[in-house]
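Two complexes are shown next, each including chain A; its partner changes from chain B in the first to chain C in the second.
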Partner chain A sequence: MTSLLEVEGLCVTFGSGAGAVRAVRDLDLSVESGEIVALVGESGCGKSLTALTLMRLTPPSARVQGSVKYRGDQILDDKGLKIKALRGKEIAMVFQEPMTSLNPSYTVGDQIAESIRLHLKLPRKQAAKQAIELLRRVRIAAPEQRAKAYPHQLSGGMRQRVMMAIALSCDPKLLILDEPTTALDVTTQAQVLEIVDELRKEANTGVILITHDLGVVADLADKVVIMYAGSTVEKAPVESIYSRPSHPYTRGLLAAIPRRTDGVRKRLDEIPGTVPIVRELPSGCIFADRCSCVEVDCRGAVPKLEMIEDEHYCACWHPQIEVETVSL
Partner chain B sequence: MKRYLLRRAGASLITLIAASMVVFIGVRSLPGNMAVALSGENGSAAALAAITKEFGLDKPLVIQYVDWVGQLLRGHLGVSPQTGLTVSSELAQRVPVTLELTVLSILLGIVIGIPAGIGAAVRRGKALDYASNAVALFGLSVPSFWFGILLILLFSVKFHIFPSSGYVSLFSNPVENLKDMVMPVVVLGSGVAAILMRQMRAGMLETLRSDYVRTARAKGLSEKVVIGKHALRNSITAVVTVLGLQFGVLLSGVAVTEQVFLLPGLGRLTIDAVFQRDYPTLEAVALLVATSYIVINFLVDVVYSVLNPRIRLAGGSA
Partner chain C sequence: MSAVSADVSIVGHPVHNQVHVEKRYRRLKVLLRRPTALAGGIGVVLIIAVAILAPLISPYNPTASNFSDLFSSPFSTGHLLGTDQLGRDTLSRLVYGARSTLEVGVLATIVGTIVAVPVGIISGYYRGFVDSIIMRITDVILAFPFLVIAVGLAAIFGPSLQNAILALGIAQIPSVIRISRGETLGLREQEFIQAAIASGASDFSVIFRYLLPNMMSPLVVQASIAIPGAILGSALLSFLGVGVQPPTPAWGSMLATAQTYIYQDYWLAVLPGIAILVTTLSFNFFGDGLRDALDPSLS
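Coming up: the complex of A and B.
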């Protein structure tokens, strides 16, 4: 069976020669219909760039290599013509910044209807009606009035729901969400994620969810890809990530999630140091400098992503395989 | 929107009143005065006194101003003491020339400058960008009188395509009129095009980097729609401002070009009026130019509010 999306060896490079920066390295990823795959990592680890690359919305200076197959069809071509035909219709994307992602000069209704008219070839009136329906679907109250509003009249949460409405307008088969809830308050976050879950269940949409919040991932995702400085360090079904995190970075991320501790006051765990600049990666394991269980041989060669149990991959010289349940 | 426009209109009116005072005081404080210019260097004291009295120049400046405004409000611009003609009949002949020159130059500027600016922004760092920038730099740095003379040498003296000077009214002979206008319009229009092009390019570059342009692309819109609809509408505001300013600059600044091509427009009228201390004419021209500036600024504000819903709906914080 062919996957909905199959990414192999995806590399994104900026510049060339000695100054070349490999911002995404050797990414493998597959998404099935109805599946939510989470891409998790700190800021600057290349997860947003990966999303933009899949949509071919990267700046012209980015060099992209590898293979991206959509329903078995290679869509990573030289000029990006294949992806252009799919954008907005089969593959839709929601961005991180709801405040600036809508055009300030047009009403939100127009901006939703634009997509519908383009892809579904509906006449203006019908498209406008459908735009209102979409606003209702993303749980915006009084959608008839809201459709006539300009972005500056709406809150961040509403704008992000409008972005969702645009993304959903043509029933995409694959939805890419780039930190859709980062800028939102907790209640709105939950609503947006609910919509995503509903979509996966009802429309069988495949979803790539990019986030730095492992708490969001636990409730929603089927598979998790942990990225660090452009590379995949661990990849597994969501249960394995939470019950048997193997890479020290993943364990660090999990330990950094705030949780209730029954009255015991305890400092939140953190991972020491910061993500290295991709241009100045250390030799050997890229996480060695911040790793709590680093050993001498870690500095030798770069660990490859290897299967440590069924469907569970980890790029570490000393992966922890013992069971260590992390409760959320 | 109504409130916003009313407020802008009110502000325009106040500006206009202030402008009339500045014009009046400015003209009347020119060294030398109308009476001296009229009676001549060796005119008799009696003649000088008579002229001074006739034109009310002996009254206090405030009274003179009130008299002048009173006349204006009744629609009288006065009589030129030099020619004995009413200023309004003089303006009626001169304004169409300058207006035609200005409008055509602005149009040429728009037709060349805006597409060139968009093209340069979209093809940033490519040949088209460099070519547009080079031409714009030329358009900005070459003095208009020199460019005008060059055109005359080339197209009138050498190739005899266009007349070097003279003017036929648009209504009496449109073809000849346009032939007269080609070279001066090219001279003035190239400057406008250069300014518009640079403004358009800068605005477009900024907009193309914005998140909503990325959204438009993610929707699957063609590059034509992304640029022509989503990016253009948001980047054209700055261009509209500059366009308004250019209109004013041209109206008051065509004198040199009119002189080079011997066009009987406002510019030459002004120069003559300055030399002869022809107060009524000078004041009328200056006030006319100031009024056009103000009206155009108001129109720019109107266009703003149409383009930008934040102004239209907020009632205007500008």
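Coming up: the complex of A and C.
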């Protein structure tokens, strides 16, 4: 059986020769229908770029290599014609910034209806009706009135839900969510995630969820891909990530989540330093400089992504496989 | 209805349609609070009213000559602003002159804008090769004195109102292309454009539904500043005799004829001069006020 989306060896490079910057390296990813795959990492790890690359929205200076198969069909072609036919209809995307992702010149109802008319070829009136239905589906109160509102009249959370409504307008088979909850407060965040979960269950939609919030991942995701400076460092089903995190980076991320049991005075754990600039990657393991358990041989060669247990991959010379329960 | 209002209060984001209206209203207030902008606005409205109502206002037929009453001075009996060398009523000619002058100014701006905006958007949106070609052509037009274009058009097709409009429109194209291109360059990096492409919008719909509506205010300001330029240009062209042709009254050609008599009957030159001055100034003041009122940093 072919996966909904199968990404193999995806590389995104900017520039060429000695100045070449590999912003995404050798990414392997597969998404099944009804499955939520989380892409996790700090800022600047290439998560958003990966999403843009899948949609073919990368700037012209980006060089993309590898293979992206949608239902077994190669969609990474030279001119981006294949993806053009799928955008919005089969594969939809919700952007990070709800404040700026809507057209300020039209009402939100118009914008949802536009997408419906474009893809489903419905007449104007019916599209407007369906737009209101979609607003209701993303739990916007009084959708009839809200449909007539301009984006600047809505709060960030509402705009994000409007973005969701646009993405859902044509029942996409694959939904890419680029940090959908970053700009929202916790209650709206929960509502948005609820909609995603519902969609996965009811419409059997495959979801790629990009986030840096491991708390969100634990609730929702089936598989987790941890990215660091453009590379995949760990990839596993969600239970393994939480029960047996193997890469020191993953462990660092998990340790950095504040816990209720920590007490008020305890300093939050952190990973020292920042993500290296992709142009100046250290030789050997890219995480070596910030790693708490770095050893001499770590600086020699780049560790490959290897299977350490069933379905659990890790790119580390000294993966820690002992069982350790991380409570959230 | 009660259920709806309950919802509204729970979520706490009531839709303020009034807010939007009030915002526009506030911009209008800002525009009118400035004395220069207000004066300019009144001037613009008056001149447009005069041009539209010309047949009702003008006391005489502007082209009817009366050889028994040549060069009568202003405030003389029967002619408020006197008569010219053919005994035509100056007031009537000024009133009708507003028509042809405004027509040239406004139509030239419309022609220039309609041609230039799509070109500028295409240039900024597609970038690359297309962009370089368009920008080089723009440079060439910019390097061409518009008078040469106007006189050249008049030489080839004969002097006429249409050719004056065409020449003045062409003269505006480069700056409008640059403005719309610049706006496009800024807008295309915004997320809602990317979001539109991601939801499958075609280039056509990106250009006409996303780019164009969001650059309306700079374009409106540009037009309001371009119109006085074009009015001045049209006066210049009719002064040189390549614009509106006699006997149709135009301020520029009135000025040109008055040259001959400037030492004896200076008002024949002064009056159309004042008309040109007042019109250009009104539009300029109004345009400046409009630019300030539409400035997003204001709100």
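The working rule: the second predicted complex is superposed on the first by the 324 of 328 C-alpha atoms of A that agree within 3 Å, B and C clash if a C-alpha of one lies under 4 Å from a C-alpha of the other, contacts with A are read in each partner's own complex, and residues count from 1 in each chain.
Just so it is clear, contacts are C-beta pairs under 8 Å (C-beta built on N, C-alpha and C of every residue); 3 or more make two chains touch, one makes a residue touch a chain.
These numbers come from a predicted model, not from an experiment.
*Asks:* Judging by the criteria at the top, classify the pair chain B and chain C on chain A as clash or fit.
*Replies:* After superposition on chain A, chain B vs chain C: clash.
*Asks:* A:Arg146 in the overlay: touching chain B, chain C, both, or neither? Say first, second, both or neither.
*Replies:* second
*Asks:* For A:Ser115, decide between first (touching chain B), second (touching chain C), both and neither.
*Replies:* A:Ser115 contacts both chain B and chain C.
*Asks:* Quick check on the superposed pair: does A:Leu154 touch chain B, chain C, both, or neither? Answer first, second, both or neither.
*Replies:* Only chain C; A:Leu154 stays clear of chain B.
*Asks:* As a test of reading the superposition: which chain, chain B or chain C, is in touch with more residues of chain A?
*Replies:* Higher number of touched chain A residues: C.
*Asks:* Just chain B (first), just chain C (second), both, or neither: which does A:Lys79 touch?
*Replies:* neither
*Asks:* Touching chain B and also chain C: which chain A residues?
*Replies:* Of chain A, residues 55, 57, 84, 87-89, 92-93, 95, 97, 100-105, 114-115, 118-119, 150, 153, 163, 166 contact chain B in one complex and chain C in the other.
*Asks:* Give every residue of chain B touching chain A within the complex, in rising order.
*Replies:* Listed in rising order, the residues are 210-212, 214-221, 230, 233-234, 307-310, 313.
*Asks:* Please give the residue numbers of chain C that touch chain A in the complex, ascending.
*Replies:* By the definition above, chain C touches chain A via 4, 7-8, 10-11, 13, 15-17, 19-20, 127-128, 190-192, 194-202, 205, 209-210, 213-214, 216.
*Asks:* Spell out the part of chain A that touches chain C in their complex, as residue ranges.
*Replies:* 52, 55, 57, 60, 84, 87-89, 92-93, 95-97, 100-106, 114-115, 118-119, 141-142, 144-146, 148-150, 153-155, 158, 163, 166-167, 169
*Asks:* Going by the contact rule at the top, pick out the chain A residues touching chain B in the complex.
*Replies:* 55, 57, 84-89, 92-93, 95, 97, 100-105, 107, 114-115, 118-119, 150, 152-153, 163, 166
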